[in-house]
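Listed below are the structures to be examined.
After this come two complexes, each holding chain A, first together with chain B and then together with chain C.
On to the complex of A and B.
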């Protein structure tokens, strides 16, 4: 029985919005070999959603899945993967996933479910009521047309304050491909809101009164949780502070560990001063302040506190209270988010008075969060804003929209960095108003198609940060050379992988990073300094593979890959090592099923390769190397003319990247000619039936057509 | 002095060094001697003064958590690196000389991480230099061949970063400065 196993909630909830049928499946019996999260998502799409299905078809499914460690005491466990066919993937929709933190994952587990599969399409707006064993499809006509805040409030009033609501805003309702589902005020999964909208699903609300059973020894569990806390750094596992401190040998001015003693959460009532020891386990939440990282010291006076996900001491969602924006812009004085969500508004501007950390930048962030987090708009990891910047400043925009529409925007405000401009642009995208609003909301691929702009216009311009398939880079060569490039070729949206970037950016001196690299990946040559890249080697390929496998593992265990893996630590006495076996040790204790690091990594690889198989089937081609694993031209250029492998350039060498891909395919056991997994690779991962399915379609290397 | 007496004094010295580190201070021989007297472990007269150098050497040998550094004044200073790190100790030791403080920190960062350092860092705790001190320090360095490796870069936003040409080539330092100044902020 699943309950006896521990970790798993035990059931997967399936709701058919077309028929109203609600059913249950046994998680362990059906999905154990893919753990949870993206693993369940990919499996459902593989088995149940035929190739050729469109994202907004009733036949598409959307899978909200968490994992074994969600809802437990493991740090950073609040993640839900939302997997579906992505409407922003271009030129054809393919499988991808959005990921949200907050408290949805834990509540789903406490209600008894590891995952929720939504299929079909309701004939009217509905929301899904889940309270333990009671599941109902409820009328949402009164909520349709409202923002996320209103929908969340009304549903919470109906369900009770302990419920968690994951809702879409007007962007999702309007099937804007760049839209989110959001829970717990600010925790969003990008790219999936429109799929919910197409199903007439306004929200999923969950309340659970159960718990997650830990099957293993409780004392050992407690010790491991404490140990994990001890090797945590700050946001993104930056393991050294941004300031010199008596207790730390190292510091890094660009670290996200910004909570220096004496800094204050100035908008808390009463204000709270950062105090205590640097490594105190009950003060980890003092370390990170996304507001201060992105907006500088000014943010401290506006900081209420850090907010975050279930079981996570990092608290990366900073709550900011800026009273002046209420009077100036008529918006709420409080907002919260992190990273791309926090800087949503600021990112629209090429320049701002006072720069990226000035008062205008702060106001732009507040206005952006106010609107985007209510309308449910997705930034596509900043590509939305970069698209507008490129369209405007290279003059394309003026030729693409009518003169009346063009004149309806206050471009002087835009050029001058006036946050008031955001009131003109953001709602139009969410409401699909006008040519520009419509085009921007499609995502880059749709936009290029819509206006017949060659993709090369974007792929040749490094300022766009555009990568492929309608999506941007996400920690590519600018952070991690060939390893970053490989990782960015693998997905059907931005890669969202932090396994590699969190290590590269951890703040330790290069010699220490290389020492750790030798311990973890077998050679110091697995790691280069940023912008000081050496030619490709097998160790980098192994690190790319490890990074991808750990990403999928985290996404399928309910852990946060934005924070992990935890292979480096702040602890001098450990030589700054973290623990590469943490995930498997937690899994073993939670479930009671002994699982080695290698065995768990094998499952992670299985999940990753299942994504690959879905992509191959979706594209109807196994020519991954030439048709999917693409790189933009800008990575082979340097505006100053610097050659590859000279210090101070991120310019890659085409032949070296070709070798990088070959070495990566080699360590994956894939066919080097096509970049497709071989029958042997599928079999090694227990995916024989997947190989058989692809062979029938002549999508398996070595199978003659 | 008997072995037992010597051991007692070493234990007291170790404790005093740790307490000073906990309070964010480096300590030298004279302060430690006063500490021993303050704890009534020594007589107040000269004949009661032990060989402090030998005692401190013995203390360091017996306590692996303690360390010594040679101050820029030439004095030997003691600390417990787990409580007061070597890096932090170096900063404290150089604070009396803004020129040396800036130069040594820039060199260490250029060599180890490697990275240039933003000039504004030196206005912040624990450096706590005022802009006038920084400006005077930079002018002084520019005129002194001992510091001819210390150079600066201005990023696209106008921020100034310092680096040591002994350890970083200018183009690489410029790349790293730009990355630190805006690159990482625009790449969340």
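On to the complex of A and C.
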């Protein structure tokens, strides 16, 4: 079956670390209905990991899964979803996924696998060797205690320089809940490092010489790839530049399209000037510069080039070369990352000399990347750093840790924004040293428990950005009003959904966004201007549904939801419209199996609802509305007293949000009282057996207890 | 060949001699003088030609174009490798790509034990892409091929594998000093950069302008070969080499 289908590699690899057993499954025969990625992850956890399993139990499983389009020339692919029970999820661990880019997904496909399921626990440190058909569990005792960098180096010496190594650092080894697995220098999946550590799994290394077959006509494929390239914007599919340009009707200073003519990669040898046309396909990599976006104009001087995932032209990771940090801090002068990973070090400080975009901030980022990306520490989307800020400046910290330990930190350096402070705090978290190091690494939930701090202390304070279950907001009302809020209620970690935010922040004028919204979601009222919100309506609920469905679809196809969907474009001649069917067009050509947009979205919805079922079962309750789909109090406040639905505030209204959740449940076909999918909803998605399983546990609406 | 190279001198040599300003009746001394510079001379005069169908291929016309890869621009996205294979072979297979970046992606040509010389993602952040130099005569891969299966593309002059003639012996792979020849396990044939009929797909695909298709020049004397190659010349070919390269 799989052999006839293009796109799929064809096999799922299963490794039992307890018994050493290595086995294979047929991807299409067993997992076609959930495609790949998070789909395979949720299915495995549903069928094989019973409720009540703890993250560090041998019975927990980690599913590294990519999708049909990974390893091909489709722009913005190369993604691997890593699904497991998250130790940072509080008060009780639930299913969640980390997502890592880099080259792991492509290599796994070329090795012949769509997914890897790791189960059990090894009795000593091991690493997994995967080279095409050869899979071995190898001794990693010589690597235990080393960082990600050395582990990658030594494994590459053994396997060959082209192998891709996904490794944990000391943080994961030490079972710090805020830990990652990382491949290709800077590409991490958050939240899962400790689960690998608990399994004694130091790394998974892949080398593959095979191929991903394109079933369709190769000329048609080439045309579609080129079409996709032509409608790309910059990072996060921002489709207008941040600067005025004669070739662009619009510009928006908040856009991530920062590569203006005249800017240059100053640390390339020799420097590379940005030239050419704004829409040249041979200049796509110059559009985005995460270094410049986060650290200001100074970063251009230190930019070597962009880097990123296999096949993606965007290069949202920035390689920075800052010679001063070698002499000052004894660290490498070259580092690379993007977004939260790039600002890991800076985020610890409430202020720094020169401000958030000054030289100290730049150095702090370099120091942060150097340590966090080697120790394998996770920021929990910046929550780690915000927690320290709150604990310190509220005075809470002083009351919670012993005076000796308190005195062992250079708090003057912390208050003054001295990057040297990072050498004191970051290693202690990764190594669980001292009370502060231990507490911070637990994640917010564990930290609140550890020090008996009521959760309300966090949920009332907008500065924490805390949302629920031990994790922060991620593109909520600050970006997208009620749509953002709905999305943020749905997951068991910070919502890793960018479908909505990519569109809202794409830089187009609101009038154009509304025109596109009418085409895509049926009404211009599906979108508001950020910070200029109107009361909830059904169109926003439909857009929230679309966002979530596409997020799971991308995660299951190996595509990047930080770029997709591609419903807007930079092209005036298209009315700035993109293509809402791009995913299904690529899927059809790659596999040879014709699927419409609706067909594929149904699968995306199936995957999303499977996550819902896992959450319900994990919580032992179907009261999602009241117990899971929570919002923090701070979204209903405005420190300046502005009222909801006035221009300039992101303040939400509780009744309006209650209505938002109701409308969302309505468009999903879920029970409004509980927010739980009904039997009919499961059946429509082919999840009848899931419904039956929940019915037995009285977790299905309408089944009486 | 007889020692006194009178009228039996190959026609090609006569033309070369005339173009070099030497008289039609070459003395042995004049012929040796011509031979010494024969390769460069013929290349410069562009009068080298493939011999008749039943003669071993010795001299191949220079290619017209060349792929240049600029490591100061390369962003390591591998779109070139994907375009090369997807758009030509209908499958995404970087290990088969005729332009090669993936092998240098992580640690650069030095490899993981290169210390401070490590390039690539884990080192300096510089990505080196290797492209076929479309070597001038003597073309290592063509010379090594016992089946004369590497020939010049009529349009671009790119050294291409004639898949009908290729028997899959892999001698060309061993002969290339820069390790640029691939072997396609599916077809059991060698494959190499053929410049896509003058419109290289990798050049089109590169999102940072790191690849250019430029007029050919001889790159074989720049940059040391990456590996020890197996210099193979079959006996038949060696004999034909004597047409131009007589021992003194």
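Following the convention adopted for this analysis, the second predicted complex is superposed on the first by the 705 of 705 C-alpha atoms of A that agree within 3 Å, B and C clash if a C-alpha of one lies under 4 Å from a C-alpha of the other, contacts with A are read in each partner's own complex, and residues count from 1 in each chain.
Methods note: a residue touches a chain if its C-beta (ideal position, glycine included) is under 8 Å from a C-beta of that chain, and two chains touch if they have at least 3 such contacts.
Fair warning: this is a prediction, and the values are worked out from it, not measured in the lab.
Chain B and chain C, once both complexes are superposed via chain A, fit side by side. In the superposition on chain A, A:689 makes contact with neither chain B nor chain C. Looking at the shared chain after the overlay, A:596 reaches neither chain B nor chain C.
Judged by the number of chain A residues each one touches, C leads among chain B and chain C. Rounded to the nearest 10, the angle at the Cα centre of chain A between chain B and chain C in the chain-A superposition is 80°.
Using the contact criterion defined above for the overlaid structures, shared-chain residue A:210 touches chain C, although it does not reach chain B. Of the two partner chains, chain B is the only one touched by A:530; chain C is not. When the two complexes are overlaid on their common chain A, residue A:511 makes contact with chain B while staying clear of chain C. After the two structures are overlaid on chain A, the closest C-alpha atoms of chain B and chain C sit 21 Å apart. No residue of chain A contacts both chain B in one complex and chain C in the other. Within the complex, the chain A residues that touch chain C are 71-73, 103, 106, 110, 149, 152-153, 156-157, 161-162, 164, 184-185, 208-214, 218-219, 221-222, 225, 229, 268-270, 272, 276, 281-286, 304-308, 310-313, 315, 319, 321, 334, 336. Remark: chain B residues 21, 24, 81-88, 91, 112-115, 117-118, 121, 124-127, 157, 169, 171-176, 179-180, 182-188 touch chain A in the complex.
Interface residues of chain C facing chain A in the complex, by the touch rule stated above, are 72-79, 82-83, 85-96, 102-103, 105-107, 111-113, 121-126, 201, 204-209. On chain A, the positions that touch chain B within their shared complex are 243-254, 260, 262, 293-294, 339-340, 343, 347, 355-356, 382, 465, 475, 478-479, 505, 509-511, 529-532, 572-573, 640, 642, 646-649.
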